[in-house]
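In the two complexes below, subunit A is the common chain; its partner is subunit B in one and subunit C in the other.
The block that comes next holds the complex of A and B.
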């Protein structure tokens, strides 16, 4: 096997971006002038290399974690520049803010040693955010999950994802004696915490994130709780809840009906998913070619349905490439989880990995009609400030955990 | 015409993504190999340095062992392959390199000098043999180069 130099992926990343932006610039009817395209591409590459350089310089643990993320960001930004005339620029600004948050999250996790005793802080802040959304929130697309300050909106539920994982990690961390009562008490406490969170999300009609929270809880339960009875109980509760919701709520009925047969109402309720499927189908194996697709026919193409557009222009091969990048990210997450010693670190790393992977699964499964569609963003690719900031903060925490594995040396 | 060009470029883009993925996987693979060798009690490299004394409360960290590559420098500079934050060390203190299957030690003009089995080493390289004692700054290392016999390691 030929040896791969450590810098090879960076060279390839640069090559990928240069190729992408020159394709954008070559095309006559893009939304941006050639100068703007050049500036944005250059800024993006600079930002990525600054991040890599800082990770190396500050010796921030896992060197491979940021690589797949950088590739995902490149694909995402290129798609956004191609779809719309302002989103690409805005996304670039969000990248800069997110990179700062990434290092802040890293510093937070490394510097605060009592991070595993702050359960009430995590829970308190998320409760405040929930309450704030319920009172001040604005309804967008059937979910009351946005807070607007002036014209700038943000989604508190994105930030709550992180707080939820940290809170769960605090609760799971406490080892109890092998007594039935103590164990049951602990499990019930955790269940209470999870269902309070789920309750708030259901009030906001955030079905996607509610599903995500539940799956993350089950994953952590499976790895650290190892209580089959509790897992079965939870599965029963959620099945019952889901069935009840299906019977009572029009919103969920639509989602499930359109999952089973979207073509029964292709111009109405099933419009989104039918357009997404048509886009993926017209992309075929190798794709129509970058800039040859027609994103204007796909609704919400900049956030939820960006994967359909990737599939249309880069084909299933490109789509699978993107999924493989997510696989590498998840693999690194599991690797970090396995290699750290501290229980709280392990729990945090697992929770964050679970968030990345389940979020990807839920939205990709939704747009390819594998599971009922629920609107959440594709991490690192979709447009969206709050989503991007949170994903970067989560990545920063994971990076901080990975640093811990190296401190065991003498 | 434009459409064909953009299609070809798109294929190139996708191919680059795959090569990128492959290169990361290869890097990770070589990483795992090193780690699993460590776990199995085998040294990560064919030769390595093992610290044999460690001054109490020296104020800096050392590793349990330092695997040697074909060309590695030892010193207080962050860019050294073996980086030890010992104040008695020079920025680039000494160098170990491989030539004709043997490892050689060379002093890089350090302030406090390097000793091999008690004798000072100057800028002329000396060959290292299994079990040699190297003194650098406050730390003494032993140079280990286990011979591989039938795939097994004998120390």
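The block that comes next holds the complex of A and C.
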């Protein structure tokens, strides 16, 4: 077998970034000066390589996990740099904070041995965050899911994703012997936990994250709950809930109607999805080229619809590349899940992998009109502090789990 | 371990979800994207067209036929020769869209093709004005102008082509109109309501009975059936399926050969030949691409037979170019040119190449699209067409110093003024050739006019 040098992907990654920032610099003065672009690009590359170096130096388990993430982050940051004059800079600062959080999350998971006994902490913090959002929250784009401290807003529901997974892992961890009553009681307890979470999300109109939570729950149940009846019951509840919601809530009707035919109200309710499709269509397969697209015509281009802009400039082929990067990330996640022995570790790894996989599918499926659109960020690419911090913390946890399996990982 | 098996099932499920994204995106790109991109809700098209300067269109000698200028309100398309090229180059208006070459080669002119896209990236980096590709036509502006002047106010078409390559040298259609966008805005309603149908490009979209010019095809069929040395009896009239066929001016030519019948354009003899050959005689039409789509750089209406089954009378009428037959002048040009070209029909083309700074995005490859008849048959018909011009109905097309070949036609229609046709070609002593088709709409009796125009144009073209 031909030996691939381990540093090759890193060189390619560096090359891609250098190329990207050079192109930005050649078109400088639209948003940033050449100096600013140079500094941001240099800082980004440095920080990325420090992360790689630390992962290797501290022997933090899976060496490959950070690679697809770094590639996604590079694409995301370059896109944000070309969209307007502030987001890229801010995202760079968020990346610095996220990198710290990534190592903190790793350290937390490795050092706290009672991590599987902290269910009430996880749930308590979630509940506080939920309550806080409902009381102090501000409505943005129809979802009451932001808390503003001064001018800086953040989305508690992003952080709750992690707490939800850890909570579920605690609940699923204790294996119940073959006693019908005990099993049922446990299943009901878990259902309660899940539906309390879903209830809060629905109150905040976070349909995307609610869907994500449900899918993560189903995935963990499928692997560790081994109760087909309960899964069917859940599917029925959600179908009924979804149908009821469609009948009663205009908000959901819009999502479904505009999924079926966005052109029926292309300047109104279907505006976002129509403009997204047009952007992808104008990119065709090869794309218009970096800096040649028109992000100003795509609504919410910095967060939910950033993939449409990637497709416009890098083409459907570029879009498929991004999807493949996410797939590599999911694949590494599954690989870690498979190799790890400890049940709690396995549950955590599975939950986080499920979050990355399903969140990607929900938002990408939405912007390309494969499924109804529900607003949710694209991990590691969309602009947003809460989203980026949470994604990196999740990655930190996954990295920590992988540490326990390093002998078996290839 | 049982859990691991389920994890693998989950991995497969997630893979399937990701794959569904890729498949859907690919199908979208293949089937839906081209339509969606053209959506009226696409705000990009306008902006991109504004940012890329539309390419210039040149004739074969570098004369500018259409170009774009940047003014206060953005780009403006300028046509230096006004209505002369409207039915070939078309117009490009923000309100009314694009037509003809402006439409069919829009991809290149507006820089949307792959090569231009790459070049505009270079432009963007170097800070130059982004431009689309220029079109280099095979048309000769001087010839086009000359032909247009000869046509004057008459409605009709003149097309000149190189019979060896299929390159169009001139293509004039009347009536025409000014393609300028501002002029169009002011006159659009009156144009659409005009009885003259100025939007119909006579050369490529007008369907007419070809009249006696169709005898070129019928003569080919007769030769293939071995009738070339047969003697035909022409008593001035013949009745086929209850319909009476007579010659022009009710003449009777007595016992004549095929080439004499061709020379005098005897309806009696050719209708009889059509009747005698019957359905079999119509097989040759397929080889002449009748009823089939002919690809050309601008849209061409399909020439063919209208209506369902062919009665005995229908077949006989078709043999003399009447009845259910409807053809475009371009089609008759291809028929005439194929006789010059040993029976081979060449792909007609008018755009030689699309390029920018010597980087080519599109280049026409001349080629044969059909073999109508074999070279021997073509040679025999060619001789008949020469006689026709030397001492038959086409004498007005004679040009001293050139060998002119052709066939005239007077096509009856719903009015008492018939269409006046000439289809043929000429060879100069230096080896240059040109095929021509002239059609004058509702020009009345007598073919002198179309034949004399053909002669003058051929003379201008080859001398």
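The rule is simple: the second predicted complex is superposed on the first by the 401 of 410 C-alpha atoms of A that agree within 3 Å, B and C clash if a C-alpha of one lies under 4 Å from a C-alpha of the other, contacts with A are read in each partner's own complex, and residues count from 1 in each chain.
Following the convention adopted for this analysis, contacts are C-beta pairs under 8 Å (C-beta built on N, C-alpha and C of every residue); 3 or more make two chains touch, one makes a residue touch a chain.
Remember, predicted model here, so these are calculated numbers, not experimental data.
Student: Aligned on subunit A, subunit B and subunit C: do they clash or fit?
Tutor: With subunit A aligned, subunit B runs into subunit C, so clash.
Student: Applying the touch criterion given at the start, work out whether A:338 contacts subunit B, subunit C, both or neither, answering first, second, both or neither.
Tutor: Touch partner of A:338: subunit C, not subunit B.
Student: Once chain A of both complexes is superposed, is A:195 in touch with subunit B (first), subunit C (second), both, or neither?
Tutor: neither
Student: Could you say whether A:291 touches subunit B, subunit C, both of them, or neither, answering first, second, both or neither?
Tutor: Touch status of A:291: both partners.
Student: Which partner chains sit in contact with A:313 here, subunit B, subunit C, both or neither? Use first/second/both/neither.
Tutor: First partner only, subunit B.
Student: Of the partners subunit B and subunit C, which touch A:15 in the superposed model: first, second, both, neither?
Tutor: First partner only.
Student: Just checking: does A:64 make contact with subunit B only, subunit C only, both, or neither of them? Give me first, second, both or neither.
Tutor: A:64 sits against subunit B, while subunit C stays out of touch.
Student: Let me test your reading of the model: by the given contact rule, A:27 touches which partner, first (subunit B), second (subunit C), both or neither?
Tutor: Both partners.
Student: Which residues of subunit A are in contact with subunit B in one complex and with subunit C in the other?
Tutor: 26-27, 286, 288-289, 291-292, 331
Student: For subunit C, which residues are in contact with subunit A within the complex?
Tutor: Residues in contact with subunit A: 2-4, 6-11, 14-15, 17-18, 20-22, 24-26, 28-29, 32-34, 36-37, 39, 41-44, 47, 114, 117, 120-121, 124-125.
Student: In their complex, what parts of subunit B are in touch with subunit A?
Tutor: 2-3, 5-7, 9-14, 16-21, 23-28, 30-31, 54, 61-64
Student: Along subunit A, where are the residues that touch subunit C in the complex?
Tutor: Per the touch definition, subunit A meets subunit C at residues 26-27, 219, 222-224, 226, 263, 266-267, 274-275, 277-278, 280-282, 284-286, 288-289, 291-292, 294, 297, 311, 316, 319-320, 323, 326-327, 330-331, 334, 337-338, 346, 350, 354, 357-358, 360-361, 364-365, 368, 370.
Student: Which subunit A residues qualify as touching subunit B in the complex?
Tutor: That would be residues 1, 3-4, 6, 8-9, 12-13, 15-16, 19-20, 22-23, 26-27, 64, 67-68, 71, 75, 286-292, 313-315, 317-318, 321-322, 324-325, 328, 331-332, 409-410 of subunit A.
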